[in-house]
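I've put the structures underneath this note.
In the two complexes below, subunit A is the common chain; its partner is subunit B in one and subunit C in the other.
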Partner chain A sequence: MKDREYMRDPDSSTSGTHIHEKTEDRADVRSVSRNEERTESRTEKGSGSRNRCMRAVLALTVFFIFLPVIVTMLWTVTGRWPWPSLLPESYTTRTLQELFSGSSSLHEILRGSVLIATIVALLGTVIAMMTARATEIYRIRGRQIISWSAMLPLIVPGTVFAMGIQVILIRMGLGDTVAGVILVHLVAALPYCVFIMTDITAAVGSNLEEQAQILGAGPVRSFFDVSVPQLLPGILSSASMAYIISYSQYFTTLLAGGGKVKTLALVMVPYIQSGDRALSSVYAVTFVGSALIVFFIFEALIHRIMRSEES
Partner chain B sequence: MKKMKKLVAVLMAALMVFALAACGSQEKAEESTEPASLADMSWDEIVEQAKGTKVAFYGWGGDENRNNWLNGTVADYMKENYDIDFEYVGMDINDILSKLTSEKEAGEESGSIDMIWINGENFYTAKENGLLYGPFTDQLPNTEKYIDTEDPETLNDFCKPIEGFESPYAKAQMVMYNDSAVTPETPKNADELMEYAKANKGKVTYPALPDFTGSAFVRNLIYEKCGWEQFQDMEADKETVKKAIEPALEYLRELNPYLWNEGKTFPADSTALDKMFQDGEVVMNMSYGPFTVASGIADGTLPETCQTFVFDNGTIGNTNYMAIAFDAPNKAGALVAINAIISADLQLTQYSELRDLPVVDQDKLSDEEKEAFDSVDLGKGVLTQADLLEHRLPEMPADLVPVIEEIWEEEVVGK
Partner chain C sequence: MEKTAIEKAAIEKTEKAAITRSVSGDSYAKLIIDRLSVELNRSVILDDLTLQVKEHEFLSLLGPSGCGKSTLLKSIGGIVPVKSGAIRLDGELINDKPSYRRGTVIVFQDMRLFPNMSVAENVAYPLRIKGIKKSDRLGKAEEYLEHVQLSGLGNRRISQLSGGQQQRVALARALAAEPKLLLLDEPFSSLDENLRGDMRQLVKKLHREFGMTTVMVTHDRQEALSMADRVAIMFSGKIVQTGTPEMILSSPADERVSGYFGGNRYVHGIVKGGVFTALDGSGQSWCVSLEDGEYDLMIRAEVLSSGTDS
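Entry: the complex of A and B
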C-alpha cells in the first residue's frame, strides 16, 4: 500500500493535463517493470536490449515533447522564417513589446486568469470530494445516477452549452460577471474532478478513518488527519485538472464573460486565429509558463502540508 | 469548420425553441421607448450626456496594430475631447451576434456592447433580427461634414440598404501580392493569371471558400469573366446565379490542374495561405487589406521585395462599418465615439498608423487636411490610394455570396 502510494505520487504530481493517458501509461509502466523484474532474474542479455529499447523510446518521447517547445520559443522572437532555413532569417522584439507594453495589460489579464482558475480548482475539488464520498463511502441511494449525471457535461458540446447558459446567466443577473464565468468553468471542470476523486476515494476506502474513530478521533479530525493525507495525490490531480481546464476555456469565457471578464486565453486565441505565428507563440509561452508556475506552487503547498503531517 | 458551425446553429435553434416555449410571454414590449428620446435630443445634449461615461466597442481582436490604435490613439482622443472612457473588446462577429441574440431572448434591456464593427451578411442579419439601434447616422454632425452621403457605399452595404443603421469605419479592397525577387510578373487580368499559374505550376492557390478572402477572390474572377453590373440586382436564386457565372466556373475548372495540389484541395483559410506564402510554398498571396504588404514589411514578416497588384479591370472593394447594439447601455456615448472616429483627425491616424483606406470624402476636406492625408508614408510595396480607388469595384449583394460559395464547392473543387 505504502509503496504504491509512493509510485503514484511522483508522476501524478508532474502535471495534471492528461490524467486519462497518464493512468493508462502508469499501468503500462507497472506491467513492464514487473515483466522486467521477471526477465532480469532469468537472463541478463534480454533485459539489456529491452532497457536500450526503452531508453530509445524515452529519448524519442522527450525529443518530440521538447522540440515543439523549443521551436515555439524561437518563434516568439522570429521575424521571418521561410522554408528551408534551419534557423529564422530575421529576429524581432515586436512580440515582446506587444506582450509587455501593448494595449492589453499583461498583469491584469494574468491576475484575472489565475484568480478564476484557482477558485475553480478549489471549488471543483471540494465538490468532487463530497460527491465521491457520497457515492463511494456512504453508498447513498441512487449513487449510480449521481455518478453518471456528474459526467453529463461531457456529452454536451462546450459551444452549445455556452450559448444556452448565457441566457440563463443574464436572467440571473450574472451575465458578464466573474462569478458567472467561474460557474460555467466549474461545470466544464467537474466531470474530470469527480472522475479523479471517485477513483481515489474508492481506492483509499474508509477503513483507516473508521479505525481512527474507534481509537477516539472525532469525525472531523479523522477525516482531515487520516483521509485527506491519503487523498492528497488525487486532490492535487483534480485541482490541477480543474485549473488547466478553466485556464484554457475560450468560448465559454467569451460568452459568459461577454468580453468584459478578461483572461489570457481570451487575448491569445484571436492572435492564433489570425495566424500571427510570432505573436501566438509569445502568448502560448506565457500561457504554458504561467500555468506551470502555478502548478509548482500547488505542488510545493501540498508537499509542505504532507511534511507537516509527518512531523 | 463550416459544418461544425452549421451543426451548432441547428442545435442552438432547437434550444431556442425550447427556451421560447418555456417563457414566451415576457419577451415583448421593451423596444422603442428609450431610443425615441435620444433621437429627439440635440447634438450638444448628447455630448453632454455622454460626458464621463464608458463606451465599449466590440470587434475582431486579431490585429494587434488595430487593437493598439483603438485602445491607444482613439481612447486618448475620446478622453481628451469628450471625457469618455473608450474600450475596445476583441470578439468575433459571430460571437457578438450570438451574444446579442441571447440578450434579446433573455429580455435584457441594458447589455454590455455599445458599438460593433460589422458589415455585409452580418449587418444584414443583425438588422433583420432587430439587433441594432437606429437609424442614427443623420444625427452625427460629421456624417454631413466628412462623408459622401451619395456614395453607394454609404447607402448600401453589400447592396443591402443601410438606412442609417451603420456608419462607415474604414475601406478595404482586394489586392494580390507576390515577391518580385521570386516572380517579377504581376498578372493584369484573369488570362494573365492563368499563364502565371501555368508558369508556376503547383505554386498558386487561393483559400477555400467560404473563407472571406478566398470568397472575395473568386467573386473577383467572376467579375473578370462575367462583368460586375449584372450581379448588382440579381436574385439569390441558385439556378439563376449558376447560369450567370458559368464562364467563370469554366475558367476556375481550367485553372485547377495548375494550382497547388492540382486544385483537389485548397488551403483552409487565408491565414493558412499567408503562412504558405511566408514559407515560400506558394508564390502569390492575396488580401482584403490593401496595405497588408507594407505592414508585413514593417513587421518583418514579409521580404522587402514584395509588391502589390490589382487587375486592370479593378478589384472588389468594400467598406466596413460601425453599428450600435439594440441594448447598448450607453447609446449617447456610442454616438459621440462614432462621430469622432469618422472625423478627419482620427481617420488620418487610422490611415497613417494602420494603413487603412479612410472613409472621408476627399472633396469635403480642407486643404490642410488633404495635405496631411497626402503626406502619409504608406510604406513599401503598395499601391497608392488613388490607384486603388481607380480600380475599385462594388461588392455583390450579401445574399448572393453564400450561393456562390455553395456552387463553388459543388462545381469547382477537384473538378
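Entry: the complex of A and C
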C-alpha cells in the first residue's frame, strides 16, 4: 500500500503539477491573447491615426486645388469684393453678358479654339506615333538624331521661335491663316507627344504585332488589332497634352494668326492683363471647363473604341 | 542519370514514331531549305544550311544555345530576312513572301497572347482575319480549346490563366490558323518540369490528331528524342546531322554530336594490320576492319560501367 501510495503520490503530485501548469498555461494564453488584443488595438490605433493623417493630407490637397477654383468661380459673378470681406459685397451678371453677347462671339471663338486644338491633338499624336515607330520599332539609321531633334522646339524660346516661324509662314502664304496657326501649335506640342509616344511604343514593342502577322494579319490590320489597343493610354495622354498646349498658346497664335485667327487664349489674355478680375475669371472658368469637357469626350471616345474592339 | 533518361526516351519514341508514321503514310518533302544563309547585324547566324522536312513529320531542331535554331525558325516563318539560299514550302519558293502570306505559324516561348482579347478571341483571331462570322469563329475557338483541354475558359482574360494554360491557348490559336507548317520555338522552356511533361504529351496528341507538319526548336535533348520522328542537330549555324533519334544516339556524325549527348568516350590511336592500338599509354587494342591510319575510337556510354578489375 505504502508502495502504492508512494507510487500514487508522485503521480498525483505530477498530475497536480500538470493541472497547475495547465492553469498557468491557460493564464499565459489569456495573457498572450490579451497582449495580442492590445497589440491589435495598438496596430488599429496606429493604422487609424495613419489613416486620419492621410485623410487630412488628402483633404488639404483637395482644399488647395479647389480653393482657387471656387474663388475664381465666385469672381465670375462678383460686382464688388473689397478687402477684407470674406465674401463679395455685390453680385453681377455683367461678366456673363459680356461673355455671351460681348464684342467677340464666345460660340465662334470656342468652336475655333476646340477645332484648332483637336486637329493639333490628332496630327501631333499621329506624327508622334510614326516617329516613335521609326525610332523604336524599325530602328532606322540616325534614330538618335531624330529623337533628339524632336525635342529641339523645347530648347528654343517660344518668342524667338514664333517670330522666326512667322516669316516662314508669310513666305509660304500661310500667314494669318488657321493652317499656319495649326502648324505653329503642332511644332510646340510635338516634343511632348513624341516623348510620350516613344516611351509607350518602346514598352509595347513589336512582338505582338509580329505574332498577329504570323497568324495571317497584314501589317495595317495587325497594327490596329494588336498594337493600337496597347498604345491607347499613351495616345490619350499625347492627345490631351497636345490639346492643352494648343488651347493655351497665346503669343504664337497672335503672331501666326495675325489677330485674324481668334482663340479663347487670345481673347482671354488681354482681359487678364487689363486687371478686370471678374471678366478674367469668367474666361478662365470657360477655358478650364471647355478643356475638361473635351478631355471627357476624348476619354469616352477611346473607351468606346476599346469596347467595339473587344466586341 | 541523363543518359538513362535519354535511352528511355528513345525507346518510347520508337513506339510513338511508329504510330505517327502509320498516320502519315507515305510522305514527300513539305519544306526544303537549300543552302540558306542568314546574317544579323553583320554576323553570320546561318551558314549554307540545308534541311528537308517531310509532310506530317515531327522534326526537332536540337542544338546548344546560340547555334541559330530560333533564327532558322524565324527565317522559315518570314520574320528574319534571308541573305542567300532558298526556302521552299510545298514546292513554292517563299523567300520573299511576307510572314502573313506564308501559311506558317510560330508558337513562341513567351506565348505572345493578345492581352486586349479574351481567351476565345485569341484562339479565334486567325479565323477573324479570314473574315469568318463572330458566332462561327467563337464556336470553332471553343472546339480548339477542347482539343487543348481548356473548354469553358473561353471568356477569361489572358491574365487570369496560369503559364501552362496560356501555352495551351497559344497552341490552340496556332492550330486555328490551320498552318501548312507549325513551328514551335522552345514552347515549354518557360514551364516547370511537371507541366512540361503534360505539354509534350499534349503536343504529340495534337500532332497525331491534326497530322500537321511540325518543326520544334529545343535545347532539351530528352524532349527532342522523345517527341520527334527525326532530329536535326545544329552547331554554329549548320545542321551537322539529321536522323531518327535511334540513329543519332547510335551513330553520331562527329565528336560534337556525341559529346552533346554526353557520356561517350574517345580514344586516339592507330590502326595497323586490322588492329587498333590506343595511343593513350594503356596499350589496349581491338580488332577492326579498317585501313591503316590514325583514328579516334568511340566507346559508347551505355557499354561503360563502373567496377573493379577482375
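FYI, the second predicted complex is superposed on the first by the 260 of 311 C-alpha atoms of A that agree within 3 Å, B and C clash if a C-alpha of one lies under 4 Å from a C-alpha of the other, contacts with A are read in each partner's own complex, and residues count from 1 in each chain.
The working rule: a residue touches a chain if its C-beta (ideal position, glycine included) is under 8 Å from a C-beta of that chain, and two chains touch if they have at least 3 such contacts.
Keep in mind it's a predicted model, so treat the numbers as computed, not measured.
**Q** Evaluate whether subunit B and subunit C can sit on subunit A together after superposition, giving fit or clash.
**A** Once both complexes are aligned on subunit A, subunit B and subunit C fit side by side.
**Q** In the superposed arrangement, which partner chain does A:147 touch: subunit B (first), subunit C (second), both, or neither?
**A** neither
**Q** Counting only touches as set out at the top, which of subunit B and subunit C does A:273 meet: first, second, both, neither?
**A** It touches subunit B, and subunit C stays clear.
**Q** Contacts for A:226 in the overlay, against subunit B (first) and subunit C (second): which applies, first, second, both or neither?
**A** Once the two structures are laid over each other on A, A:226 reaches subunit C alone.
**Q** Per the contact definition in the header, classify A:92: touching subunit B only (first), subunit C only (second), both, or neither.
**A** Once the two structures are laid over each other on A, A:92 reaches subunit B alone.
**Q** Once the structures are superposed on A, label A:72 by its partner contacts, choosing first (subunit B), second (subunit C), both or neither.
**A** Touch status of A:72: no partner.
**Q** Applying the touch criterion given at the start, work out whether A:177 contacts subunit B, subunit C, both or neither, answering first, second, both or neither.
**A** In the superposition, A:177 touches no partner, neither subunit B nor subunit C.
**Q** Just subunit B (first), just subunit C (second), both, or neither: which does A:157 touch?
**A** In the superposition, A:157 touches subunit B alone.
**Q** Answer with first, second, both or neither: which of subunit B and subunit C does A:212 touch in the superposed model?
**A** Only subunit C is touched by A:212; subunit B is not.
**Q** Shortest C-alpha to C-alpha distance from subunit B to subunit C once the two structures are superposed, in angstrom?
**A** Between subunit B and subunit C, the minimum C-alpha distance equals 43 Å.
**Q** Can you give me the overlap between the subunit B contact set and the subunit C contact set on subunit A?
**A** The answer is that subunit A has no such residue.
**Q** Show which residues of subunit C lie in contact with subunit A when the two form their complex.
**A** For subunit C paired with subunit A, touching residues are 77-79, 98-100, 104-106, 108, 110, 112, 114-118, 121, 125-126, 129-130, 173-174, 177.
**Q** Using the touch definition up top, name the residues of subunit A that touch subunit C in the complex.
**A** The contact residues of subunit A facing subunit C are 207-208, 210-219, 221-222, 225-226, 229-230, 306, 309-310.
**Q** Over in the complex, which subunit A residues touch subunit B? Could you list them?
**A** 79-83, 90, 92, 94, 98, 102-104, 157, 159-160, 163-164, 166-167, 170-171, 175-176, 251, 254-255, 258-260, 266-267, 270-271, 273-279
**Q** Provide the residue numbers of subunit B that touch subunit A in the complex, in ascending order.
**A** Contact set of subunit B toward subunit A: 8, 11-12, 15, 19, 56, 58, 60-64, 67-68, 70-72, 88-92, 95, 98-99, 102-103, 105-108, 111-113, 270-272, 274-275, 278-281, 299-303.
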